[in-house]
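Listed below are the structures to be examined.
Both of the next two complexes hold chain A, though its partner changes from chain B to chain C.
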Partner chain A sequence: MTMLYYIGRRVAAALLTLIAVSAVLLAASEVLPGDAASASLGITSTPEEVQALRDQLGLDRPLPVRYVEWMGGALRGDLGVSIMARRPVTEVVSAPLADTTLLVFLAAAVTVPLSVLIGVLGAVRRGRRLDRALTAGAVVTVSVPQFVMASLLVLVFSSTLHLLPAVSLAPVGGGPLDRPEILVLPVLALAGFATAWASRLVRAAVIDANAAPNVEAARLAGLPERVVVWRHVLPATVGPCVQAFAWLISGLFGGTAVVEQVFNYRGLSYVLVDAVRNHDTAVLEGVGLLLATIILVAFIIADVLALLANPKLRTATA
Partner chain B sequence: MLWRAVTVLLAVVALAVVLVAVFGDLLVSGDPGRIVAIPYSPPGPGLPLGTDYAGRDVLPRVLAGGRFLVLVPLFATALAAVLGTALGMLGGYLGGVANVLTSRLDTLMLAVPPILVLLVLLNGWGYSTATLIAIVVITGAPFVSRVARASTLQVMQNDYVTQSIALGESRLSTVVREILPNIAHPVLADAGTRLAIAVTLTASAGFLGFGPDAPNWGAMISQNIEGISLTPWGVVVPAVLLAVVTVSANILLDRFAAKAFSR
Partner chain C sequence: MISIDDLCVADNEGRRVLDGVHLELAAGQRLAIVGQTGSGKTTLALSLLGAVRPGLRVVGGQVNVARDDVLALAPAGLRRLRRDLVAYVPQDPAASLTPTLRVYRQIGEFAADRSPGAVGRRLAEVDLPDDERFQRRYPHQLSGGQQRRLALARSMARDPRLLVLDEPTAGLDGPVRGRVLDQITRLVETRGMTLVMITHDLHVAARAADRILVLNEGRVEEQGTTSAVLLQPEAAYTRELLAAVPDLSELQQRVLVDDRPGAAPVLRVANLVASYGSRAQRRRVVDDVSFDVAPGECVALLGMSGSGKTTVARCVIGTHVPDSGEVRLGEQALTPDVSRRSIDERRRVQLVPQDSAGSLNPRRRVAATITRVLRVLRGLPAEEAAEETLRLLGLVGLPARLADRFPAELSGGQRQRVTIARALAAGPQVLVCDEMTSSLDVRVQAAVLDLIDGLRRDLQLAVVLITHDLGVVARMADQVVVLHEAKVCEQGRVGDVLGDPQHEWTRELVRAASVNLDVVSRP
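The block that comes next holds the complex of A and B.
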């Protein structure tokens, strides 16, 4: 009962957040109105033509009205029309969104176990040589811009060692999974950064949990170390770790925006960058709304998992 | 011992790279946009780093391509630090609704990938240096604000703040003279990380094609990556210089700030 109440509250909070984010998204992406119509028609268009398209797109109506219509459409699976492609936004973005989600999913599948391993190792060997080396490696990896890391991976693994393709174009008529080797370097570039970042949070969570009063008490009471770790340390680390992994989803989607461009991987990055260049606002707003929803769902899932792992949270008032 | 030697070495290299980035284009004579040889020529006499995708000399473009990526983030990070600190202190000092509102705002901003904010605002406002600075401030200030708010709440528990209020000092005086000096350390300890992220975001914008007309390292990498197997220098040199700037900002500046302001 309390648990359902808690989850319901989280979902309600997420919905409110989504409403706020989408309102800001619509307002922020349309500060330069009119450009959408004139950019789409090109410089040879007459003012009458631009006005006609503006009327057709409804660009002259007040923002709140358009916001309600936009959200209403989104609920029915209609995100408007891309003015460059002259096709529904959902049609334009669905395949690239699937390809980008594939990259994010694979990168997360590498990052989660690897960062847990590195984080726990660092925490167990805290302050020792291995921990310091891992820390230094993580700080350096996190600091290097992701497209720089990706370019250096291309240099080493493609143009020098000739092990992997530098360009990640899917075969004509097929998807990236038809040529899985094109996924290796993009996933590596994304997972390298993410692992360095997440392993720090895992390390901190394990160190915190290990120093908690209940763990100390369990040790002093003479419980076997195995029991202490499995019954007391581990449950307390699950919460912070799944929170970190929810952030990871957000960070990985952000990372794909640059990494895909390095490898010519035809995901959302090209859709987004082209939309900005052509002032194709409906595409940008649609992708923004989809990504915000995905990220918020990840946060809700993390909250629920944290709750399941730690019974103390169930009764907490937070 | 080894760690200290590495730090000193890194500091020297970093200083050299930053000097090159900021003053490098003074060494360039002539137009870095001039076409001098066929595209992707390997290094040769007179062309120490070869040419880029358009047949332009890579060396002067490297020398001229760092200033924007250092100065814009420096300015924007300073602005983000000031605004974020003000916002965080406001939330922490006033408490109640102000605290809840500022913290909700921060959490909201922190959940969105900065690169998406960048693309949405570039679409909304159009590219300009001012837009880029605004984007770095908007994505960076919430991180500063979060630290400032937490520190302010902590400092407010201390007797000297209670006394200052009890003695009838003005709110402004309490904030500036009692709270600000005591939250400076945690805020500044984070400054290097903030700067590194700002450089990354600015360079990523350049990489995606949203940068100044003048050469910049981010754009150079995306423009020359297709010819990396013909001649790698147009990618490798800007990539390594950029990495040195961000890594040293993250490691050195944090250490320096932590030392300079620890009491």
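The block that comes next holds the complex of A and C.
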């Protein structure tokens, strides 16, 4: 009962956040210099032509009216029409969004188990040689800018070893899954940084849980170390870790912007760069809203998982 | 069973936490290790399990439990010792229960006996329900007392031969404390176990142990049978400890001040009613409480936790708005809400809180804490305030060099003195002391109580003393108001109430408190 109430509150808060995000998105595209009409017609157009297109697109109507109209459409799954492509935004965006999301989820699938493994190992061996090596590795990885990391991967795995393609172009008429090898280097470039970051958080959470009085009591009761770690330490770290992983999803989406450009992976970043250049506000707003939704869903899932891992919250009644 | 020889433990700076401790204990004996905070009690107890807290190391000596040289055991041997021989229940038993494990797992994890119904029998042994539903609960679904008993049952599940309890009665008072001790004694006796119990409370030691070891700054001051240590203490330190424990017998030694005729009360609390919670769950926590306090008089509000005594204090200082009733200061009625009281009204009623660490701003030095009160409530100019601050520190017995310290750099007793100085800085007429000594050691507690007692005589302060400790009441109070479940069950002069209690609850309190040092005369 209470759990449904709790989840309901999270969803409601997420919806409010989405409304705020949408308002900011619309306001931001409003203050970009120039407008879609003049951008799409090019510098040779006359002011009359521009005005005609503005009228056609409804760009002269007041902002609140356009906002309500846009939100109404968004609720029905209609994000408007791209001015440059002259096609619905959903159609323009869907394939690149799917490709970018694929990249992010593959990177997360590598990062989550790896960072748990590294974090737990580091915490259990705290202060020993292994922990110090892992810490040093993490600090170096986090400090290297992502485009440098990506370039290094290209240098090693394609230019020198010739194992993997340096350019991640999907075959014409197909998706990246038709040539899975093009995904390896972008995923590695994303996951390297993310693993370094997330493993630090996991390590801190485990160290925290390890210092709890119940863990000391378990050790003083003569339980084997394996049982102490699995049964008494790790359950307490699930909550903080899944929260960290939700942040990770959001960070990974940000990371794709650089990685896609380095590897020529035709994902969202290309759509966005084009849209900014062309004042294609409908696309910008649509992509912004979709990304915000995905990230908020990730956070809600993390909240629910954290809730399930905590008997105190799970069993709470009214 | 236990033989400790010249055990020395030092911290990272080389300071000795334990210094040449010798201890012999035969199987079946019950030993209480008595000492103040920082005396090395827990370090000594943990050494029986071959454990040393981080930052400490053993620098010499030997610990033998049964036939094992504990400090020389390899990890596997150590685990076997802790699993089969020695069980330890830490100071906060509730915190020692892993929150994600259900009751049956908490017990079953250790149980030597894996037959069906074994877990239930273990639970029944400590008077916990043994049915299926209870066994499927999580620790947070139990009451504090049940958690405590579950932790005990958990540690007993392996049938250890030696049970080590760290402050088994911490945070308990009155009759509850007695019941917990009786249960422990019964279990230990029926199983023929050896018991080592850490406590700072001599009453607890007297009640549950047959031997006492007095520890002071890592050294053994004295050890022997309970009656020998308590009745003919050899070490000066033990005598000091005994003298510092406030107990009922002090009533007889005190010259009680009679009612002061003519002294008009400075604080009058009349028909106070207060509640907590919103509409449906609103619960009355103070129900029709009235009392007067004259200048120089000390009125004690006595009650167990949950009896409403702190809420009365909050109504007096204005941090809780009562449903009805009034608080009068001198002639005028005080506005219930402190934020609507005038500066002068606030100045005249001051609080000495229970948690001195929490009530002092950790980023403000001692002098700044006190000076601020002088400037804000008394409006003193900076220079005068600085002088007055030093005078106040002297008044509460703090050396002037502490003025530049932060609260974290002070001991608990020093911090409590700072909160007293801060309260005095306002130049109050009424001092409300909320369990101000409950977290202090007996000797520090005695000093703080003496300080308050002197101040109320010298400054003619009216003191409202909130406490659960009958000994403190016997030492300090002129009048006592006994609260039980929100209501006043008895009030009057301290000699009358404690000497001849009328109400059943007061009688039980007095009975629980008088089972103190005289139990040592048992055969």
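Here is the rule we go by: the second predicted complex is superposed on the first by the 295 of 318 C-alpha atoms of A that agree within 3 Å, B and C clash if a C-alpha of one lies under 4 Å from a C-alpha of the other, contacts with A are read in each partner's own complex, and residues count from 1 in each chain.
Going forward, a residue touches a chain if its C-beta (ideal position, glycine included) is under 8 Å from a C-beta of that chain, and two chains touch if they have at least 3 such contacts.
Computed from a predicted model, the values in this text were never measured in an experiment.
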If you count the residues of chain A that each partner touches, which comes out higher, chain B or chain C? B
Could you look at A:251 and tell me whether it touches chain B, chain C, both or neither (first, second, both, neither)? first
Based on the superposed arrangement, let me know which partner A:68 touches: chain B (first), chain C (second), both, or neither? neither
With both complexes overlaid on chain A, does A:130 touch chain B (first), chain C (second), both or neither? neither
Chain B versus chain C as contact partner of A:156, first or second or both or neither: neither
Looking at A:221 after the superposition, I want to know if it touches chain B, chain C, both of them or none. Which is it: first, second, both, neither? second
Using the superposition on chain A described above, determine whether A:117 touches chain B (first), chain C (second), both, or neither. neither
Determine, under the contact definition given at the top, whether A:232 touches first (chain B), second (chain C), both, or neither. second
First (chain B), second (chain C), both or neither touched by A:139: first
Can you name the residues of chain C that touch chain A in the complex? 46, 49, 51, 78-84, 87-88, 90, 92, 95-101, 109-110, 138, 140-141, 151, 154-155, 158
The residues of chain A that touch chain C in their complex are 212-224, 227, 231-232, 235-236, 309-312, 315
Residue positions on chain A within touch of chain B in the complex are 17, 20-21, 25, 28-32, 35, 132, 139-140, 142-148, 151-152, 154-155, 158-159, 166, 247, 250-251, 253-255, 257-258, 261-262, 272-273, 275-277, 279, 281, 284, 288, 291-292, 295-296, 299
Under the definition above, what is the set of chain B residues touching chain A in their complex? 3, 108, 111-116, 119-126, 196, 199-200, 203-204, 207-210, 218, 221-222, 225, 228-229, 232, 235-236, 239, 242-243, 246-247, 249-251
